[in-house]
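What follows is a set of structures to go through.
The following pair of complexes shares a single chain, chain A, combined with chain B in the former and chain C in the latter.
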Partner chain A sequence: MPKTPLYEASTQFKNWRYSPGSLAEVRASLNAAAVAVIRNTFEADEPGSSSAVSFLTPDEELLLVRLYVSKITQLCGFFRFPEEVEATAVSYLKRFYLKNTVMDWHPKNVMLTALFLATKTTNNPISLEAYTNNIPKTNASDVLDLEFLVAQSLGFEFAVWHAHRALWGIWLDLQNAPDAPPNRAAAQSEIYDAALRHVRISRLSDAELIYTPSQIALASLSIASSELANEWAESKFLTGSPSLSTLHSTLAAIRTLIESSSRPVDVESVRGVDLRLKLCKNPEKVVGSKAYLAKKAEDERKAEEKRNKKAVDVQKAMAEGDPFGEELAGRLVDYDDDDDDD
Partner chain B sequence: MANRMNWLQGKTVRKNGPANASHSRSSSTPQVHSTSSTIFGGGVKDPSGRITEYSSEDDQCPVCKSDKYLEKKLRLLVSSCYHKMCESCIDRLFTLGPAPCPICNKVLRKLAFTPQTFEDLGVEKEIAIRRRIAKEFNKRLEDFPNLREFNDYLEDVEDITFNLINDVDPVGTEARIAAYREANAALTLLNTQREEAYILSLRQAEELERKERESRAEELRREEEEEREEKELGKREIIERLERAEGADAVGVVRRTKRERAEREATRKGVAPGKGPQALLRARLAAGAAAAAVKDTPHIPFQDDYYAYDDMFVLQSVYVDPPSEAVRKDREGIMRAGGYQVQEAWERAVRSAVAGLDLWPLGTDQDADGVDQGGDVIMAVA
Partner chain C sequence: MDAVEKANTERQKRWVKDQKVGEGTYAVVYRGREASTNRKVAIKKIKVGQFKDGLDMSAIREVKYLRELKHQNVIELLDVFSSKTNLNLVLEFLDSDLEMIIKDRSLVFLPADIKSWMAMTFRGLEFCHRNWILHRDLKPNNLLIASDGQLKIADFGLARDFADPGYKMTCQVITRWYRPPELLFGSRYYSTAVDVWSVGCIFAELMLRTPYLAGESDMDQLKTIFRALGTPTEQDWPGHTKLPDYVPIGQFPKTPLRDLFTAATADALSLLGQCLIYEPRKRITAKDALTHAYFFALPYPSHPSKLPKCAALLTAAHPLEELDGNTLTGKTNRLKRKLSSPDDAKSRTAVSRRLDFTKPTPGS
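This part shows the complex of A and B:
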């Protein structure tokens, strides 16, 4: 039986690997579903009101998410978190918006929660007070309220394979090359720094959802120094093997992806998107709105129904003579710790 | 109040002035030390936790009727006729010489009173008698022509003991003991000497064993210390040479240093076996450990079916790696205290550098034989 390669056993490979096409598809279907739900809510509230609302497109949603990905970098710089925290938080945020939409959950709060969660999952914990006190206009509840939702959306798959670690590994392994000059690592450290910058830029793109961390790292290195990247790739695969040519085409694709996301997000256009988001976000999630109250009443009604049903059941059991139901009566059960029959 | 303050300041306070006459007088009876080491109200314990003297809250002197409730210091001693009396009664009655027991009229002396060990005085008496008898009747199986006679002798001894304990025919019994003593004086003495010699040899063997154990532990400790120092020295040497040899071949320096160390180690090991007794001791220890090891069913190591890309990289022992310098330079090992090894971090990094390098991205035509479509469908559902 062939052994499973470690990376292919990871949740990152199993559950968070997409093709560019499937990514677009997932985002489009999420967007469409959210728009349909929100439109219905608007209509229920006030018929005909939804025609005036212009909902966000998947691309606009992505733009907003990308802006908040760059915000994570700023926050991590402020808190001096290690690179691993930053990279993990970015992955969490991107993955979250493959299961949810911006119109339901604004990325501002999700970003804070994802970062806080990442500090914990990467073993760089910080106290909640220290975290929220240093971010203006943020309460502990802003972070904690979403925490379970985020963790659930991630499928509780917190382990992430990172490109920056792979880059470090490539850099170490380059010292192993047979014809390497003795202190290449020290002499050419600016190449490593440049490659690391490209890895950081790649975090703004969808690269990690499509390609493996090692490929992203190698592509980043090849932007910084194509000779080094080629030398290393050729030391790993036989010259002329199909794997090598695949790798080259993959690297080229990643390079274009990185180069296309090297421009900073245009804040003005994002501001426009954000303004429109205020009008079209899911009213059920806005505290105090009519839809929010309606949703709450609905939840309340369901809970009431459940309580009533329980009360009827208990009454029936009492009427039959045994408060614990008849099936227990004949048995030799003398005590039961668990009185929660829910 | 003033006294209390003195006590707080750690000064000694005596109630009855410095020289206490009664203190020196009462030292003739064995002094019983504090009750702080006792568990229940009664018994006094020796350091090993065994009760050496029995006493209880309900103690009452049968002579003067004073009891523990009123007289906290009441201490009852047992006479040779097995009657209890408090210390003050003993002082009062027997200070002027031998006097009759107030209970049974047997003539007693002050020095013959002993502390009580057992709650039941019957037990106390029986043990005293058995001790006395064992001293006199110490013949062994070897002293008899056959087992039958030995058994008869044992029965005789038991008979005498029983009579003494239960006061059956005391005069006749004492006469029997005297007759026996007369007849077997030489043999008794011989057996006593034998017994003493045996006890002495046991004690010597024990002492020898203890010394051996100690020297073994000392040897092990010393060896461990040496090994640790050697290791630390080796590491420091590598780092120092690397520092000095700026610009030279780092791998070569490391390899050379290691080889030199291995040679030194070998010479050291070569000398060691000559050290006679210690080597012998160690060999014996190892043999003991091997014997102690429990034989088990063949061990089947855990098999996982993961491929960790081990053929795609060769890990080196040292890399030029500025980020991990702080950890490697940390001589006290504070950063490595949790078992952290920079080699493991390196291995993980290099492994992730080669992991999944040749994976096709989803949706490329190379991968189109079903797998890709499947993946796409799943993603769309998600």
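This part shows the complex of A and C:
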């Protein structure tokens, strides 16, 4: 029985791969759904009030997320987190916004939660206190309140495969190549460093949602040195094989993505988006607002109803039979549960 | 409701909790089923609210690795959902573990049975290692047994990816009796060989029906190992005296495994010996173990469905008990450990007498 390649067995391969078209589709439909819900909430609060609101477009949402991707890099530099933490947090943030919109959840807090979660999932944990004490105007609940939501949005799929690891693997392969120049690691280290810089730039793009880590790594290497990239590719494929030409067109597409991400995010235009976001974000998620309180009251009412029903069921069961007998145990399996959540 | 919340609620509805079967400090385990199919499952509810740093590391590790690993000999994580401040892991239902089976004195193990359990353990472990994952807590009660006899590696609460060479890891892992000497000497750089040592200990335990290297403290653990296998020399294990927590333990002679494992075949002892090599780099890998002559020699491994099972499991009610790992059945519920035949009694005293040989003789 042929074994599945390791990467193809990963949740990343199975659940987090998109085409450029499907990415745009996901973002457009999330955006449209959020706008519809928020518009309704505004109207319920005050009829006619939503017509003046200028909602964010999917591209504007993406712009804001990109800005916070770059903030992860800054924070990781400050905390001296390993590259694994940074890359993982970036993936989490991007994946989160394929299930949610910035109009519901502002990327600032999601970013803080994603990074904190990434320290744990990559086995580099720090205490929450040490984390929040070093980030201005941030307290424990800013990080923890969203932890479940972030974990759920990720489908509890915490393992991420990264291009910088793939690049390291390619680099080790090249040092082991039969006709490698002596001491290649030292002599050509500048090429590796340059390729790594391109991998890091690729994190600002959608590359990881479309291509495999090794494709991104090889594309990054090909920007730094097309000779070395070819040398490696040709060691893996027969010269003239169709796979090799497919690979070259894939690499070209990734290079375009990387190049288009190399300009820093224009902070001024993001500021404009962020200002508008203040006016169009979902009021149900703004603590203290009328809509927030209304939703909370509704949730509370439902919970109360459920508790009452449970109490009635228990009483009924007690009245009908021996409360310690089979009958009760059969009907109310969770009677000794502390929850919450049956 | 958000799409994400909605999806979570949908998942939650897929599973029904039937009965609480165990409770520990951090988790409650329920026996449950899939609502649509009535397939039996175990639901492990981890209380997260109480952790000041949010989701705790062992829950994260367990979810992270089990989400990625799908193999016949690794426990399957069917689903994950959250409920208020709880994290719920839906795991395949497994009714017993290897520790219960080893301790069940009414069961007789054939050499082919032991071979079958070893093959399944090495298959599951090779798969973990192939996926760059160290388990770091292998022991009989983390090897669960399905109703069809398949053995499944469980409890990934201490697992991690291999670190790059030169990257430190903690040496405070693996239950003491199954912990390899390099960890006891405080090595912070180690590899898949740590898990293989544990499997060696489990192999020995299957043959002896009692823990092979049962030290009473970390220091005593090293002494117990050296008493059984001889004190390593610099030649056996180059550099071990330079490990951070190295202390001279005393000189114990090497006794052939044959002296203790009198009934084992030469192939079995060869594999056991290679799992318990002091020098971690020379210890056999899980992959090589699978092609060891032991697995190709007669008798062939028993079919999983023919393996000995705990009879106690057929009775339904399980009292609550303190939870350790994913096992759902209580120790209190296990068969009384009575000796079922005089032969059993004889072999047990024989074992303990033989164990005495491994103690240092006066003056040695």
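Convention: the second predicted complex is superposed on the first by the 314 of 342 C-alpha atoms of A that agree within 3 Å, B and C clash if a C-alpha of one lies under 4 Å from a C-alpha of the other, contacts with A are read in each partner's own complex, and residues count from 1 in each chain.
Assume a contact is a pair of C-beta atoms (placed from the backbone, for glycine too) under 8 Å apart; a residue touches a chain by one contact, two chains touch by 3 or more.
All values reported here derive from a predicted model rather than from experimental measurement.
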Chain B versus chain C as contact partner of A:Glu25, first or second or both or neither: first
Contacts of A:Ala9 with chain B and chain C, given as first, second, both or neither: both
Most chain A residues touched (candidates chain B, chain C): B
Which of chain B and chain C A:Glu147 touches, first, second, both or neither: second
Partner chain in contact with A:Phe237 - chain B first, chain C second, else both or neither: first
Touched partner set for A:Leu247, first chain B, second chain C, both or neither: first
Touched partner set for A:Asp179, first chain B, second chain C, both or neither: neither
Which of chain B and chain C A:Asn100 touches, first, second, both or neither: second
Partner chain in contact with A:Ala166 - chain B first, chain C second, else both or neither: first
Which of chain B and chain C A:Ser214 touches, first, second, both or neither: first
Chain B and chain C contact sites that coincide on chain A, given as residue numbers: 6, 9, 99
Complex contact set, residues of chain B against chain A: 247-250, 305-309, 312-314, 316, 319-323, 346, 348-364, 366, 372, 375-376, 379-380, 382
Interfacial residue positions of chain C with respect to chain A in the complex: 2-5, 7-8, 12, 17-20, 28, 45, 48, 52-55, 57, 60-61, 63-65, 67-68, 70, 80-87, 130-131, 160-161
Residues of chain A defined as touching chain B within the complex: 1-9, 13, 17-23, 25-26, 29, 98-99, 161-162, 165-170, 172-173, 175-176, 182-183, 185-186, 189, 210-215, 217-218, 236-237, 243, 246-247, 250, 253
Chain A - residues contacting chain C, complex: 6, 9-11, 30, 33, 99-100, 104, 116-117, 120-121, 123, 125, 127-128, 140, 143-144, 147-149, 151-153, 155-159, 333-334, 336-337, 339-342
